[in-house]
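Two complexes are shown next, each including chain A; its partner changes from chain B in the first to chain C in the second.
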Partner chain A sequence: MVQSVPSPAPQTSIRIIGFLCNWCSYGGADTAGVCRFKQPTDLRVVRIPCTGRVDPLFVAKPLIYGVDGVLVSGCHPKDCHYAVGNLYARRRLEVLKNFLSFMGIDKRRFDYAWVSASEGQRWQQVVSDFSERIHQLGPNPLAGKGIPQPVQGPLTRAT
Partner chain B sequence: MRIGVFVCQCGTNIAGTVDTEAVARKALEYADVVYATSYVYTCSEPGQQEIQRRIKEMDLQGVVVAACSPRMHEPTFRRAVERAGLNRYMFEMANIREHVSWISTDKEANTRKAMELVHMAVAKLRFNQPLFSSKVPINKRVLIIGAGVAGIQAALDCSDGGLDVVLVEKNPSIGGKMAQLDKTFPTIDCSSCILGPKMVDTAQKENITLYACSEVESVAGYVGNFKVQIRKKATYVDWNACTGCGECVQKCPSRKAPDTFNENLSNARAINIPFPQAIPKKATINRDYCLHFTRGKCGVCKKICPVRAIDYDMQDEIVTEEVGAIIVATGYDLFDHSVYGEYGGGRYPDVISGLQYERILSASGPFGGHIKRPSDGSEPKDIVFIACVGSRDASVGRPYCSGICCMYIAKQAILTKDHLPDSNCYVFYMDIRSPGKNYDEFVRRAQEEYGVQYIRGRVGKVYPRGDRLVVQGADTLLGIQVEVEADLVVLATGVEASSGAAELAEKLRISYDQYGFYMESHPKLRPVETNTAGVYLAGACQGPKDIPASVAQGSAAAAKIQALFARDVIETDPQVALVNERTCVGCLKCIMVCPFGAIQSKTLRDGSIKAEVLASVCQGCGLCNATCPPKAIQLQHATDNQILAELNTLCA
Partner chain C sequence: MEASATTRLHQEVEASIGRLSTVLGWGAGYDPLHMTPLFVRSPEDIARLVWNPLCVQNLTGYLVKSPGVQPPEEGKKIGICVRGCDSRSLVALIQEKLISRENLYIIGIPCRGTVDIRRLMNESGLSNIRSVRIEKDLLIVDDANGAHNLPLERFLARRCLRCRHPNPVIHDVLLDEPVTPRTTAEDAYRDVESLEAQSLDQRRAFWSVELDRCLRCYACRNACPLCICQNRCIAETRDPRWLTQRVNLPEKFLYHFIHALHLAGRCTECGECERVCPMEIPVTLIKEKLNQITRDLLHYEAGLDPEAVPPLLTFNPAEAGI
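On to the complex of A and B.
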């Protein structure tokens, strides 16, 4: 049992987006909940089928628009429900991580992790560590600073 | 769109730490929300009826339920909205229990978070489209991996239901661990007498195809239509010809091959039939010990075989089978008792594992059922059993209880007293775990009727003194150190996941826990399903289990498949990728990344090349969606616009 999990008091309202794959990490987060493992409350989870579904845009756009952190989590490599989805994700996200600085985003605001559906305790640790890191970084300086606010409706692309 | 939001209180599970009323009030501010309420148990029958009533009354076109995990109740609510006339995909769930109310007690922060999660769900729902399943035929054949008692039971039940079964076993004989046991607790039934007829049945059923000495090589496809490649390992004996007469075994000059069936207590010949009741009763050559292979000069078996079944040139063979569902029943391995150096397992010949003792007790075992010490063949007088060897011990990475050891020690102690009435049996234990019908009574019989001495405490050390062994341990009830001189020490070795479990899980795309046991879909409510549709679990591959539980799971998995196969067609999940041909540039990157071969190219009449998704093969991972440069391929129900709409609510 993890005893000392930091539960930072939300002096500032920090917002973190978590992309969790349906099969492993979303289940891991559920397991953590069922076990009542206490976690910081900053994370907002978006359920996706696979980390391979994560478009770099899903990470970059919120960070540009002032969200304070983005965490992607999926199945451990070799344990992907879709065999190789997380391997594509790992390459894509690693490149993206190094690319964020070029867009004026502190790359520490983004990270990815592997948490299986049984690893409730590991999920608690991942969330706590990442939330603590974002709290230390403080609110995203890009929030509302001359960056155009999103237009009404969805951020559509040509389809 | 007219959206209704239902915020579940889940009794106090959610309402205890989330102000559900406030969440519902806030939801009314979100675009398109025309109705919002908080309800005590939304998943209950009145709760579902309330949703249906409001859909009709308020003319709702989409519903958001903020409650538990969608992994729990999304199917429930989808059915509920469908009954009220909505398409089941015009529904979204916000997880405000596992992800909110259960992980923090800060009501204010929780409430704010719940509001935002509801906002995200509403924003996504506004871009949902009705989706419709298509129907594909089911191939009503079953693959069962592992032919221990769980796999055999599943195979027989499926076979009785008229299904074709493909049964794959990696060892030369079916039967698994149960075939190695002498007796079973708590009835002292002879193990091979109750398993044997089932094994024979399995071999004789016309609709069971048995591949022994074979392993699953690869698995492709999806529920209803799997394509499985099976590697039939070379046995160097043509099993179609072999009659199991055993002539070759008698004459084989290589006598030092390990006898795995007897847990290496004796030696086998290089050509061997594992045990007299083996099914199939066919000989197999162990290449590593066969003189023909090691020295290139023998051939006795080939000369002697009356049916000319020996084939030294045999190669592994790959066969392909098509099935509609898979049961995994790969069982367990025993903990390696040599890890506990202080007990001397593996160093002292008279310190043996529980399964080795089982072989010693068995009439078909190395000593013909007479209890003898492996070292000198003498009859032991004092026998010590040590419980929890590789169970409930985090220091060796096995913090879980193996569940069967307390019972099998009691059984072995009783059998010892039956064989050798003058012997003394001692059991060092931590706690006695004997839940089960007549289990505790059985342990009490061992203590009271048979006079087995139970000593509560851990053993610190086992060391030799003369030709005997000294067991040093604590008696924590008396608070003293004790020392027992023993002739034989039996370690109650625990259960661990079978050695190839992870590789097989990767082939089947199912998950396993940190110990290697396969993950069931839900620990309470879906114990034999996995998260991969069409793949089911039975027996100890899912966690330590005794025989009745394994048999029950085998039957349960078979029943699940009977239910699946009761229909002729299966509804496919419409959450698949879809190509917009107007924007597809024909780069075909999607084909390269698709793990399932679900995308192909086609040429339009104007000569342009476009991607095309085979909906029945697509598994809905969305890898193509993230890869597509012009975003022409979109994963239905998780399109870019739907995900971006969720993110948008947090960007404001």
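On to the complex of A and C.
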């Protein structure tokens, strides 16, 4: 039976990108869906083969261009499908997290988590908490600065 | 003092040039304030070598990037003059197997600091500078009006003010007695800390103003001895296409994130990126923050141990707390 719940979708439009490992967290999100756990709707999911594939720039670029939050989630350490991908990722992402605030980007806009394919409930928790945190932070102050403006100059054609 | 160091440098290179196919050092540039990299290939060139506080370039990049030095001839080595900071670049390059120690003859120079030339040029009251040397806490500048004693601290490059390793950490021969480091490890990150004492919004405002000046000329990348991708640098490739030709603040931010993150755990704080920036953007500061993080989190200082693996190129399953 479909539960009737108030929509968790918030009023302000918030954009969150989630990079989810194919082998764990993507499955975990799927499990959460199959179990019909209530989830926030402002997460755009990008499926990745492994958190080891996550270049810290995948996180930095959206935050610089005004995305409101970025969440990376993969297999628990020592459970990586490729054995060690998430162990490399753990270091890189932790360094990145500590770095963002120095450049004036709130480090709370980024987080990473470990969620296995069977942990639907945990996924629900992680994503709800993260979404709530981003809503509290509000829109990214860098938003809008990167929208390419048409060049206005003497040769600009009137449209 | 520096004059005798130059003499010792000449003697040293004369003694070893038979075994070396090229020696990288510094020579006089287009005016007495500017020294320039010098590739010594024959004994006649040795007399052109100099060492003084205006020898500001880190030469190690020439070992790995083009246009650089030719590989050594059979049975010979490449000689290279290094200050403390440059020697750490060598260590980093050796760690990553970009150069091999066996091919190098390292002439180490204990360094008492190099001059921020822009600052010296902006100093009023000096004209036609002929020479510059360091004596204790003074920078002695000879110009058309005679000798001026200037406080050294005011004219040293920022990287030299915060230098913890003025003595080459790796060398075959040392030209001078080791000198005392100017800074302690605790003090080395004071510039990072003073920016951090500001609020998040102030920091964003600070970097927005600083980075907005960036021309994306890529001089900082080109001067960096550890930025070795050259024409595969993702700041310029069309595939993958990380950056465009557009001129806007986010692209500048992203470019600096690329440079900094690619140097995370590798940068030795040689300060070349900041020195060469035509817009005087404190770009090394960005990498200093990353180094402070890798020090605190992963207990690593770059460019000291040729056997060590840079921390982001490896992992530790047992790592707790992260």
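In this text, the second predicted complex is superposed on the first by the 135 of 159 C-alpha atoms of A that agree within 3 Å, B and C clash if a C-alpha of one lies under 4 Å from a C-alpha of the other, contacts with A are read in each partner's own complex, and residues count from 1 in each chain.
Heads up, the rule we're going with is that a residue touches a chain if its C-beta (ideal position, glycine included) is under 8 Å from a C-beta of that chain, and two chains touch if they have at least 3 such contacts.
Quick caveat: nothing in here was measured; it's all calculated off a predicted structure.
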item	value
Touched partner set for A:119, first chain B, second chain C, both or neither	first
Touched partner set for A:77, first chain B, second chain C, both or neither	second
Touched chain A residues, chain B compared with chain C	B
Partner chain in contact with A:17 - chain B first, chain C second, else both or neither	first
Contacts of A:138 with chain B and chain C, given as first, second, both or neither	neither
Partner chain(s) touched by A:88 [first = chain B, second = chain C, both, neither]	both
Partner chain(s) touched by A:65 [first = chain B, second = chain C, both, neither]	both
Contacts of A:34 with chain B and chain C, given as first, second, both or neither	first
Footprint overlap on chain A, where chain B in one structure and chain C in the other make contact	57, 61, 65-66, 78, 84, 88, 92, 149
Sites on chain B touched by chain A in the complex	69-72, 95, 97-100, 102-106, 109-110, 112-113, 116-117, 120, 123, 127, 502, 505-506, 509, 511-514, 519, 531-532, 575, 580, 583, 593, 595-596, 619-623, 625-627, 630-632, 634-635, 638, 640-641, 643-648, 650-652
Contact set on chain C toward chain A in their complex	192, 195-196, 200-208, 242, 244, 246, 248-251, 253-254, 257-258, 260-261, 264-265, 286, 289-290, 293-294, 297-298, 311-312, 314-317, 319, 322
Chain B contact footprint on chain A (complex, rising order)	7, 10, 13, 15, 17, 22-24, 26-27, 29-30, 32-34, 36-41, 43-50, 52-55, 57-58, 61-62, 65-67, 75, 78-85, 88, 92, 116-119, 149-150, 154-159
In the complex with chain C, residue positions of chain A that touch it	56-57, 60-61, 64-66, 77-78, 84, 87-88, 90-92, 94-96, 98-99, 101-106, 141-142, 145-146, 148-149
